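Shown next, in structure tokens, is the structure this report addresses.
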């Protein structure tokens, strides 16, 4: 049956992944709910600040993962079944994020519960980060599925760089057990650093064709 | 009016189907809801384990159906109205899965209801499997809509292989009437076997162009 | 500023429309909710039959509109602002359908309310049908935006054929005021006729390239 | 690591943005909920008119932003990290709109709360408008990322024209503090003007290729 085991194209895998990223990021807003009951609307809206904060952090984190995912697949030239399976596990973790985001937003007013919620949020990110790195390690070790847009040395540099992700998320998880606020600050620092780092740095950089 | 009955392109049908798969798989998380009321958050989160389990199983099952759907349409070169209609029925079954997933997650703590829920979940999979096979049988019998990427013999092999799907789901349904846990174990075994089977096996396999 | 008024490509408009169709069709399942409270699960699931019925009818109706939309845009070669605006109004109507579907499902057990719900459902379809025909009439009258895949006579035939849609929906609306069941039967007949009609009829039909 | 900092293609950024727009616009319907409790269905449906109104306005506003976004990216030929980041912030604002839409719909029956809700709705649009203009200013000042489909003068004209957006939304916000109805009328006027303006005006306009 070898001829029927044709591999999936990189393009279609990316399109499907993009779809999942776009949906997960847009579903985040559904987790924000106006409290029922009496009361001034302005008070209610102000009281929802944890929801807005959690929305912004999760939106930007998923946006960051999406951009990294694109960068990763820019270098991947072939897809095999293992890569497909690992990528599905990565998407599964990203798609799950609206739930811990909701839990975090709901409990940020409560000191004890917010620690649990921050750790829960962090654990989901750790799992996602591990699957992310599993995809890249599988694709890049031995240059298994890569093309010539990247050298083995550069691929290794990315393994180290991206490998720091789950470590950082683990730190945020442990920090969250002590203070949810502290772990959120760490996510914000991570995002600021990431988006700042996106800025072009080299004067002589070639334009995109 | 024959000239206005132009067929739909395979590419557009695949893109639409991919969209539906991506959305259905991502909507699964919306069915996980934090219980209201008093109580420690950690207890609540731990108590939700059936939701996590149902989420993972449904996510991977839909992922598996999506990958098989891609493999199927890789060989389909033409689309006619019957194929379109059968594919819509298949998508309708897949899109429905978030509901039985939610029902299963909500009742897994209760022995009696979980049997009903497991059977309900299984029946939806059986229906989806039947439509899946209907698409493939219609396209492949007599090589009706296939191209030359597959031989009639290989197409028949796939009919037998994929035809086992609804049979297996029927077994899981009947098993669920006795024990929801047993039917879940069967789904997990199916997924493990499937993703294990995805791994490349032949040393001489040609790389994807 | 004439140079900045560049038109949108047909391909991008279709891709956006496809996305909206795929999302609206998949969101339908979110409107099915397990009743809270005590009771046997099997009874609850059985009691939800109006939800399943409404789900199937709406899914197939949106699927039908999507397929017709594809057929329509197959012949449209240019996009201008009016067409864009009319198409947005069409998408707005289709995206709204999950709500009347939910209303219909919730009230089908109640004779009086189900009549209101069936009429409400029908009115939304009438509005959608009017916008659908507005798109086609605007594009096809005087062959304004069409290419050479269709003759003016064939375009007129489609205007008549598609123009029957809102008339039929209006009949279903009025019928619903008398009996919701009767209007549902009419939708089912329409769908059966439509999907039956999709089947290839001509022996000498040329294969899709 | 310069070789691994490859820029994202404009096409993929647009496809991702389109996905987010399509999902956000379709999620709007989920914010419409049938009130629970006793009562005639027709009364309930009629009582929901603020939801229908808010749905239509938000749907058309997002549709308008999407069309402008397309027009903007038609002229952008290169993507760098800053543009990516600003675009993510824009998408974050648009994806948030279903929430203020829901708040507005829920409170339009109450004079005091509706003023708060209209201002809240307006503030989100102001933020989105600022990010929209940030994307365009960053891309167009000094013709930084533009191609030759637009002259620097035309790009400046668009900066002025689009720069009026957040100003207008700010006016609607302030107006909303006085009367929600007045701010809604302003949005409707804006939409009517926009869609009217889309109509082709020049007899000698060249057809789209």
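Think of it as A, B, C and D in the order they're written, each chain with its own count starting at 1.
Here is the rule we go by: a residue touches a chain if its C-beta (ideal position, glycine included) is under 8 Å from a C-beta of that chain, and two chains touch if they have at least 3 such contacts.
Chain by chain, the UniProt names read as follows: A, B, C, D = Putative membrane protein.
These numbers come from a predicted model, not from an experiment.
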**OP:** Using only the C-alpha atoms, find the rotation that maps chain C onto chain D and quote its angle between 0 and 180 degrees, to the nearest 5.
**Re:** 90
Original post:
In angstrom, rounded to a whole number, how far apart do the mean CA points of chain A and chain B lie?
Top reply: 25
**OP:** Could you tell me the distance, in whole angstrom, between the mean C-alpha positions of chain B and chain D?
**Re:** 36
Original post:
Which chain B residues sit where two or more other chains touch them?
Top reply: 15, 19, 23, 27, 30
**OP:** Could you classify the connectivity of these chains, where an edge means two chains touch, as line, ring, star, complete or other?
**Re:** ring
**OP:** Could you please specify the touching residues of chain D with respect to chain A in the complex?
**Re:** 1-4, 6-10, 12, 15-16, 19-20, 23-24, 27, 30, 77-82, 84-85, 88, 91-92, 95-99, 102-103, 106-107, 112-113, 116-117, 120
Original post:
Okay, in this complex, where on chain A does chain D touch?
Top reply: 14-15, 18-19, 21-23, 25-30, 32, 34, 40-42, 45, 55-56, 59-60, 63, 66-67, 70-71, 74-75, 149-151, 154, 157-158, 195, 197-200, 202, 205, 207-208
